[in-house]
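In the two complexes that follow, subunit A is the common piece, with subunit B as its partner first and subunit C second.
Moving on, here comes the complex of A and B:
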């Protein structure tokens, strides 16, 4: 890692991130097909969602299968504010995030008392309650018909209307949010969350306030889902309850597990795979989703630790081959 | 007609739906206690069971009882094969991996059903009659009574199998301690296949007896599967009697709230009550009878 020799451990992800943004920002220049730009916008939104859920399920060990509810709350809050109050995207987005954060905090309160499947069932129940409200509160949400005419974001006269332009917006948000999640994972809070996951009693004994970390994890991942929902609503400009049902909750969970639980790169890989795989299988027509389900099962059987474990192993091997001797000397230095 | 009669009618309807949920939940609880797997595909097997019976009953014109047995038998075989090729290979993984595998199975199963039976769905003809008869001012639909009776019969068969036969004892032994059961000469792999097969059979049976009361379509399993899982959990996960109790409670809450509050919001009511119950009894309703905390 001579290239990054002068950079401290904390600044490294920032550089990676800037590099990724720079590389990815050329994407719309080369790829003109709106179809693939559309897919990459969705990938960006999924990355935000998966990163958020990863903080809750991967780092804190609280399995949630109701994440579509937060995504939906964010989307509906944002869309309703924009339609009914004519607020601009730059106001609806943070409000949607804060509002969803409160919903997450609210859900965390009963969850503090619960463990394992009981906690999971509460998140599933929450998902169902919110889904039912989306369908039934017709005066507000227009029920199964959905909300139409959500305005596109704009700055002055510049409208983020086309896929190519929206791509940059999502890219910036996704990169920023991933960076924040990364920093939190490697901070005191992240270590606190991991300690709650690994052994809650031991963590409590060591003075870790597990209730705080659980509340924080729920709120944090809800805010992420809310922001993703807001971006989703202003991109599609149409939302209906179908997008926020139990199937979507399992899909978000799928992203973080396929990628690798508890790892931010894993969440990103998982989000990319879950978004792109159905499109790549489009040639199989009606067998598309069958193969998708099969691949999921096969992937879990052969890679129970997620795809990131494969990349991780390769990376470790290359690193070892490149500077195997150097690593040895470094470690002796530390010991001395 | 007084409101008491209406309430009784709703409760009878709730008992019918509840015994269906109880069967799905029993399957869930059986699989969880025996194999430590949360089976997310339970609802899909409920749906495929109903469709298989529909094919046998309507297309091939078999008598209902044969269609029922055929479908349950097919689902048993499917269940054992699914267990053998998927879960058995990753026995040692954590429960999230196993959950993910069952989610994959549920996606697969839904799409296969769409391919075979079309996404539109079908109407299952009435078997037990849907003309209500009246007793003391209460209108009762015969179907509801039959659903309840078949549910009870199946539960009794399961009880006898689990608590009165050697194989059932072996299954319970595996659920208590896999290692010790293995040492004592129980073939744990075979028991896993059997457990999964029976768990899925129960879901399929619930699907078949419920099919004449509802319209059947490939997506119908999603909510039923979730509610079956919920029923299994509120009774105290892994506790078979709790699963039956949980199923019946959910059925009754669902029909009464549909009538007295709103049919659209019934799911929200069911799950709100569930969350409140869990806050006050975090280990499930029958947790006290288990003696140890998990």
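Moving on, here comes the complex of A and C:
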């Protein structure tokens, strides 16, 4: 903490961001295996997805099990724009984000009047509808065959083709988007979102426009999913409806539950675990889903606040011990 | 004195039940007004309707001359009416400090860009919010619980925090729904001090309360409701001698017993 002593509280998140980017940029230098670089790209994309969903489900308390739909909308929008209109990645990415944001805003409108389970069921329905569109609108999406030939991002002649290079692209986006989410969480807007989650009526009588915050949360998390989808499409260069089905919605939800609902560090931890797990469980392929399910149940029972609470507790204990000894030394000073 | 808050023929019907029928009352600026009545007489319903939580069936409520019936709760709060709840409603997972800060958020219009970039405007607002929050916490005596999660506070302190959160919205009119319920004598004394302090700061207060001693002590004017109808209005002294009121509370024949 001494190191950051001269830095104001407002600049600290920015330093964290730069620090993380710098530290993680050495990753490809040491880890040459494309396999692990590939996994890290997936981790980055999952982090964006999970952070977005956590703003909606964890922070605003709107449980969505249709998030893969937004991810898919972003991916298809970006891929189609690139293939059919020959637009560059730097244009398709923001358009995919904005377009998905609109989809999120649209879904939020019927959801304003719904609470709890009913809202969740609506999001499941939305996920199913979008999934069906991906499969059935063959002229556009080529159905289950999927879209091939999505171009890699380029700057001039430089192509973000290999895993090692794409890693940097995803790293910058993930770090930036996590920072934005963090700033929002610790602001007037973040407090408004949390108040709607805790008690909507109390939030309203405290002057919080709950409808606005719900719309905002849906749009915001949809934009994140859309950007993640775009990054995904231009990385794999092939997309098919299977990646955006209901199974994947559950996976995204699992990330934030395992990591920690309502916690941005939790989203990151959850995304890392869910991305690495299939690789770790490669030998038990057929039992994979069973193990996922068990993990979810175990987390719900023993770690309702997710893995991040374990780290949080350790941190608190260290802080307590440090403060304890500090207080002792202070009191001896007074005695002297 | 000028009438700050005027309710005219307010009616609220639930299916098969008339919870309020043509209730009218006037509250002047700076007053501490009492609203009493037996259980189920419509006191909380009245609060729910004028704070926008329930829609009204009929009637009007004028605040500073504007009809507020039909507005959403957050708009009514922005106009300057704020309330507490009979069964305390706090933001349970948030710290005491953040509960107050949510109420404070109403005064600040920050854009998305301000928040993300932490512009000077945002920083100035956060600083102001922090200072005012500290002031409120100190005034209501919760400064030692700043970082405590509000659900972990004792019952009496939760009630005080709820009042503090209302105060943070900088209201003109504060509706207190049974603030003394579940408090011990010491806490009630502190509550009375708090009510007087808020009143001195220019906040008009309407108080729903079952503790007659408290109501009689604090308020200057009282309205009595029974089965959704207004049965009496007057000073505490007039009310305590009103035969209708005694009947509503104790039943017929009680008058002889009390006199």
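Going forward, the second predicted complex is superposed on the first by the 307 of 336 C-alpha atoms of A that agree within 3 Å, B and C clash if a C-alpha of one lies under 4 Å from a C-alpha of the other, contacts with A are read in each partner's own complex, and residues count from 1 in each chain.
Everything that follows uses one rule, which is that a contact is a pair of C-beta atoms (placed from the backbone, for glycine too) under 8 Å apart; a residue touches a chain by one contact, two chains touch by 3 or more.
Just so it is clear, the structure is predicted and the values come from calculations on it, not from any experiment.
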Dominant contact partner of subunit A by residue count, subunit C or subunit B: B
First, second, both or neither for A:219, with subunit B first and subunit C second: neither
Partner chain(s) touched by A:100 [first = subunit B, second = subunit C, both, neither]: neither
Partner chain(s) touched by A:249 [first = subunit B, second = subunit C, both, neither]: neither
Partner chain(s) touched by A:230 [first = subunit B, second = subunit C, both, neither]: neither
Partner chain in contact with A:292 - subunit B first, subunit C second, else both or neither: first
Which of subunit B and subunit C A:240 touches, first, second, both or neither: neither
First, second, both or neither for A:261, with subunit B first and subunit C second: first
Residue ranges of subunit A in contact with subunit B within the complex: 63, 110, 113-118, 120-122, 124-126, 128-129, 131-133, 135-136, 245-247, 250, 253-254, 257-258, 261, 286-290, 292-297, 300-301, 304
Interface residues, subunit A side, partner subunit C - complex: 10, 180, 183-184, 187-189, 191-192, 194-195, 197-199, 201-210, 262
Subunit A partner contacts - residues on subunit C that touch it in the complex: 51-53, 72-74, 76-78, 82-83, 85, 89-94, 98, 101-103, 105-106, 108, 110, 112, 115-118, 122-123, 125-126, 129, 165-166, 168-169
Interfacial residue positions of subunit B with respect to subunit A in the complex: 32, 38, 40, 86, 89-90, 93-94, 96-97, 100-101, 103-112, 114-115, 222-223, 226, 229-230, 233-234, 237, 262, 264-265, 267-268, 271-272, 274-275, 278-279, 282-284, 294
